[in-house]
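Have a look at these structures, which come just after this line.
Look for chain A in each of the two complexes below; its partner is chain B in the first and chain C in the second.
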Partner chain A sequence: MTPPIIQAIMTVGTSLPRIDALSKVTGEAHYPGDLVMPGMAHAKVLFARRPHARVISIDASAARAMPGVLAVFTGADLPVNEYGLVLFDAPVMVAPAASAATETSFDGVVRHEGEKIALIVAETEKIAARARDLITVIYEDMPVIASIHDAVKPDAMQIHPHYAGNLMHEYRIRRGDIDAGFAGADVIIEDTYFTGAQEHAYLQPEAGLAYVDEAGRITVQVAGQWVHEDQEQIAHALGLPKDQVRVIYPSIGGAFGGREDMSVQIVLALAAWKLNRPVKIIWTREESIIGHHKRHPMWAHARLGARRDGTLVAAEVTLIADAGPYAYTTTKVLGNATVMCVGPYVVPNVAINSRAVVTNNIPSGAFRGFGAPQALFVAETQMNKLAAALGVDAVALRLKNLLRDGSITVNNTPIPPGCTITDVVQKCVAAAAVAVSAPAISGQAGSRFVTGRGFACGHKNIGFSFGAPENCAATVELHGKTTVERAVVYHAGADCGQGAHTVFLQVAAETLGLPIEKITLVASDTATSGSSGSASASRLTFMASHSIVGAARAALDKWREGERPAVAHFVYRPRATTPMDPITGEADPNITYGYVAQSADIVIDRETGQFHVRRLVCADDVGRAVNPQQVVGQIEGGVVQALGWTGLENFAQRNGKVLSQHFSTYLIPSVFDVPDVVDSVLVENPDPHGAMGIRGMAEMPFLVVAPAVVAAIHDATGVWINELPITPERLRAALQK
Partner chain B sequence: MNIQIDFTLNGRAVSIDAPAHVTLLRLLRDYLNLTGTKEGCAIGECGACSVLLDGRVVNSCLVLAPQVSGRDVMTVEGLAPVEGAMSDLQAAFVKYGAVQCGYCTPGLVIAGEALLRDNHFPTRDEINDGIAGNLCRCTGYQQIVDAIEQTARQRAAAQVKE
Partner chain C sequence: MQAFEYIPATTVKEAIAILAREGEQARVLSGGTDLIVQLREGRRKVRAVIDIKQIPEVNELSYDPATGLQIGAAVPCYRIYGSPAIAAAYPGLIDAVSLIGGVQIQGRATLGGNLCNSSPAADSIPALIAHQASALVMGENGERRIPIEEFCIAPGRTQLQRGEILLSIHIPPVSPYSGGAYLRFIPRNEMDIAVVGVGAWVALDQSGTTITAARIALGAVAPTPLYVPESGAGLIGKLVSSETVAEAATIAQAAARPITDMRGSAQQRSHLVGVLTRRALHIALKRAGYKSA
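And now, the complex of A and B:
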């Protein structure tokens, strides 16, 4: 048998153009809202638009009677009226109690403003919108609980039947002896922090097209982050076997965690199934903003104790997250925040209590960083305050306490091998030439514009945590006679814009020794691939590269054995993780981590309270940069998104009603709001867990922008800011104190 | 009430019947099947629907379709010299990594093209001004500004040669 000629083709590590770029710059790429089918009907959702109310009745008779209306669906039409990523605790559409086709735990209560009441399907979008206005819903409004503080009051009304005391979930970590630890501290830093909600603001609002495909499957083309999870959620609600539901992702217009939970998927599938006709929906921007979850607002109280030489001896943190009324991914986000909230340091004595509290705000869920940015804002601001209190260099203080290979984490287990944060910090410092001490106030007093520099670093898990099943499938087909002439890679992984599909092909090309042009990718379709897991947790490049290398190698083996075409399927399963012990928090929670360090140079206008970042240095250990240009794109984009959260994006809700429903009131960074310079430092220490050393990276650039900016504000003005976003009003008020 | 709208679209004469109240964005997407122009907000806040109207960039969601009668409209589909190819600016967006999710890309390519037609030697600040009405949530804008800047240089160099 002739062995295949494995050419040394260097594809991993080169900035090949994205495989989808041509279609995107010419306008040919199809996003869900661009899809059309013959005979397609159009749908609109009736949202509750009130935060807490009992649905007494829904009268859709006038809407149904309107010419051109095909159907009005309510929760009563769903065989199983519930959804949820970690728990099925949310109704797809709120229906009056006891009207559901089958028993569910739901009680006809609207628990947030974005709750769905009905889906109207008509010949045109306009008719559907008009018919929506003809539906009469009788509500009985209930008291609104709009803050975590009100939610935990002893006499507070219980919002959700599953969550007594409005407590959704809690974690507890105990390591060492916290009292003895603080007793041995020369300095204790103690403060209270708050970080606000954040809207994903992907440019493509939710949209989709559902139809019954040639094999009789209810098919939904939509933008999401995990086709097989969408398939499972749809099948569950429709009471169908999974193989009767198919999910396909066309081009996805951004996600950032905001497409992990269900938006239009289930209602569209319901309509196509019941009507046996293609049905399309496009949400407006306002519908998108009230219709999907937000980054968790978090409140924290923290104490950090150290000896005079800077050695950390004790850390105590209480963390409370506003979950909104349903779980979404809250339990996981809170777990991450719990693990990350004392930062990437060795702390011998630790006490952490974290809670997720139920409110009538828009549900909280996944958003780039998944709890780590909130936690690290607390941890790193505490560290910077400690450095200031001790009068020591903030970087030197880190270097003394950073986790290293073999260090024991807050979970009382060793950090996974490949802990490179010391190197990342040093490379960031070298790039920024950071001389961090804090004497910058003198000489600037009285000047309107003052400058400052701040530093922060952090870590975050790559891949699912706490024992969640973690795997990723790939199939590789090799075609040809004597030599491999072309290959096909089947992979379900979602390219939300981060460039995953290009990376898949680069990894396949490198492994197969084929030019990338000879490889076809069949992606993001439940009908053609096994599950990839989600595009989240900085995991997809890490997991998919393992799966593709595995499948490609197995296919090459079959090729050598003479199989034509040679087809191999491979499921990558990383080392298992474990959940946190409920009393001590002991766990081996994560497969591996990503590490980041950032330095921010800012200028503050003391008169207006605005700050501007002149230069932001971001060093990120990516293990191996599969496509350096795309890595830089993730860093620059992640930094800017984090700056939005830090200073600009004020997601305003009052008494459970969203006030910022447009880009005119919810400000995301424009080109004027970005740093003058973002220096991306690509650190490439191979991850021992990674295929080819590849580590995940997409969330890391987001992680510590906020604490670096807060440190820079302190450097410039001597004022500490404990609350995000640092709007001009807030900063000006703080400076005037 | 339908109305006949005659205008030039991507260099070709178009005549179409459409309701008088539809926006140019809807006319392009729903009546002419040109879905390259995207809707991000429908109220002129995001720039995803940018097109050239008589060579100037406009938010097509804020233009009523009958307003383009007798005028010249250029969308992202019309920029390439031949079908299936790319304009120099589109190619620069690919080369410099200015495309991630791509939903804002058609609008940004249009805004960049409008800028470059007006200003052959833009500074980075002037490029910022030119794309200030276009939001991107993925890139952080640097690679987009790079692509426009490099295209300006290429065009200037090509002019010198001629």
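And now, the complex of A and C:
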């Protein structure tokens, strides 16, 4: 009898310490800004810092003549001067029209403040900065369109040649008979909502090092979310085959969607390629804030109809997203918002119109939740208003209308199996009903403090939507003679700080029956792994666990057949999704969904308009918690980030100029602003689509903090707030009405 | 960051000589929590930075119940709140020094620097004014003493003349039945610049019910920290009551000349002056020994 090659080993479900914990706390871990190479040159970007202008000329002769300056690159140096995640519609660097090697229809015009004009490379960063200030750019300023309402006026100037009427994209959903639906409603809730932009505020501003590697590949070490997508975008702009470009991620200091699009990648690659020297760049915080996209500001008008018994009969929503001038991921974000904007409910009659509108604001793009937080702020506030209007309990109203397995969604197709939101809601309510001791309200007691509780729930897709190709690759190598002595896992997935690489090893260890110390992970390098897809859409643990389990099992099969080392490659492809029909919105848009419910207890200082969350309960169905400590970390982090968006973070732009360019004016929550208590309730109903039952979860804790807080404010004061962020001034003004 | 000459002065005389010679081209460095940021961002251009941390006199912190509190210009915040005797005697000052920046900033930042930086929103200045503090200044021609409420003349500009240096800040001894408080409003709970700040100080008679003296000063509602003598004067001789306090708050609101900026509208600032003046007075009264019925 041969000994079993697999031992039962329990790693999935345990809170193993993060594999990168020690190196990060000791400072040994290298972030892109820490990288050094012999002979390294330094770069600075010249930003346009004006929202809308034609570039007439760029004179860099004085900069080039400066001692220590190696080169000044402009858009004219790029073989293909364009980039974009879903559409190539943005210039890498804006060059005067007719100067680029490959002219694009949109080049020659600065369309937002953070456009790049030139890259200066010098022996030192200081020289590069001085040379940057010697470049003379002649602009012809153009009218600035800074609001979605101005952008869609009939006489508004068209900002981008691809987007007539400043309309970038639109979706339409029609289900049932909307007029008949509202005719049958006993109560109709109607209101207008607005949510603001949000800056990702990751700890590590953009930085990177590019060089030509030993195999002659243009190599960029940078922080991102998908090495193969970065590789593709760099190769496209440089006009090179993909295999001549290599992207590697060292440690990543947070991402949250803000590193999905190109920042320093292409310009660094260009410089290293042309100079054949290592080139490094580090953006300042101020450069980072104008240099990458923001969460989409959204405007919405919504109507929700129900019968007296609480049964929903009709929902109508108009959504308008401010895209800024370029697509980035706008079409996808808008699609998500469209699917999620009536909430996780069965609604027989639905009419949704959504549009992404072009402006001269900083581009909008991916940010944790990807359109769902804005949509659910609308949907859930509408539901809470409906409960108040009907005089029924907000949770009971939801339980009556929630999606369940077999329910038909707004897209007129069944919700994917494993719809557990009813259980999630009940577990959240049960946890919130258990009293905890929160610190006493500080300061003077008295009538100026009022308290309230609010509830909201929501869902969001896990993985790419609307028919986008979705797959994830892994390679597993088993070494040893009679028994597997050690294993190597090759995976491209990005660990942005969420703990993905620890989770990869836990899944591999469990599948291979090997202690985690016997497994080496080779990660986030286009030269060593197939594509993993991005660390986004709450998808990486879900997708990567499938790929690693698949590759590990295949490698074990080869081992049994005698292969030494046994090497297997596996690409996981989930069930296919479909795009929305342009007229009806009919689609099977998503592989599966994540479900969350949140309850907020708040205290409001009526005199100042300041609110504080004393306790937040977050129940999240994670399918199976691979590493419970990391899941709790995601919940606590997501809740705090959502509270920033809800109450503090006021990304101010005036006439296309960013006013909040520093953390002294763009206020993110500090340690004293987090809730006194965050109860993380880990619900574990296995996802039928998940390896080991794993679901994605990373965005869910963000989703419904805002509507829960708004409901708590109503509970405390009787006032509804329809606009985020709920600054003290805005709340006080509402209380005075 | 721009290049500058770093001069570690070891005597007051040396520092004064450099200041007299360089004028606007020199700037005194104590904690550096404002100056270094300004230099790095190019908001201030200087040729010489004079570090005064090695000068013994400006590092002195002394408290004597008979003569009061003397704070050398280079004494960081943490030393002030780290002294139990000072913390017990001047809780209203402690309110201010313990909320400037964060813990790390308080390890470096000084009251002298906060005063000489002359920001309209400086947290320590309204508290110092309320406590009737004065600044001891020395130049080539000797010393002079300036009441804190007269020290700042514009944003970033003070009474200091060419060749003058701030040596110390003095707060009078604590009288019985007196108390101070400083409150500020920021949208989050730490590490921000005041939208409004209010310093209040009161003295009561021996019965603890009648106000004998009061001082109110405001931050972030005028080009300089604003002393509002009429607000305190209106309280003198009055029995403590919510109405009395509310009247003083209304007077303070009338004196404020706020502007609208990213941190808040003029209207919100004016409202907050009323709220915080009331609250600061109530805290000061409590610290003075007033026991509400």
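The rule is simple: the second predicted complex is superposed on the first by the 719 of 737 C-alpha atoms of A that agree within 3 Å, B and C clash if a C-alpha of one lies under 4 Å from a C-alpha of the other, contacts with A are read in each partner's own complex, and residues count from 1 in each chain.
In this section, contacts are C-beta pairs under 8 Å (C-beta built on N, C-alpha and C of every residue); 3 or more make two chains touch, one makes a residue touch a chain.
Because the structure is predicted, anything quoted here is derived from the model rather than measured.
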Chain B versus chain C as contact partner of A:A652, first or second or both or neither: second
Touched partner set for A:R18, first chain B, second chain C, both or neither: first
Partner chain in contact with A:Y202 - chain B first, chain C second, else both or neither: first
Which partner reaches more residues of chain A (counting touched residues only), chain B or chain C: B
First (chain B), second (chain C), both or neither touched by A:T592: neither
Which superposed partner A:Q630 touches (first chain B, second chain C, both, neither): first
Touching partner for A:Q661 - first (chain B), second (chain C), both, neither: neither
Chain B versus chain C as contact partner of A:T727, first or second or both or neither: second
Touching partner for A:S364 - first (chain B), second (chain C), both, neither: neither
Which superposed partner A:T608 touches (first chain B, second chain C, both, neither): second
Contact residues common to both interfaces of chain A (with chain B and with chain C): 664, 669-672
Parts of chain A lying in touch with chain C, wherever the complex brings them together: 444, 607-608, 610, 612, 647-648, 650, 652, 659-660, 664-665, 667, 669-673, 727-729, 732
Residue numbers on chain B that touch chain A, as the complex places them: 29, 33-43, 45-46, 48, 75-77, 79-80, 86, 90-91, 93-97, 99-106, 109, 128, 131-132, 134-145
Touch list for chain A against partner chain B, complex: 15, 17-18, 20-22, 24-31, 33-34, 36, 200-205, 251-256, 282, 284-285, 496-499, 629-630, 632-633, 636-641, 662-664, 668-672, 674, 678
Chain A contact footprint on chain C (complex, rising order): 185, 187-193, 262-265, 268, 271-272, 275, 279, 282
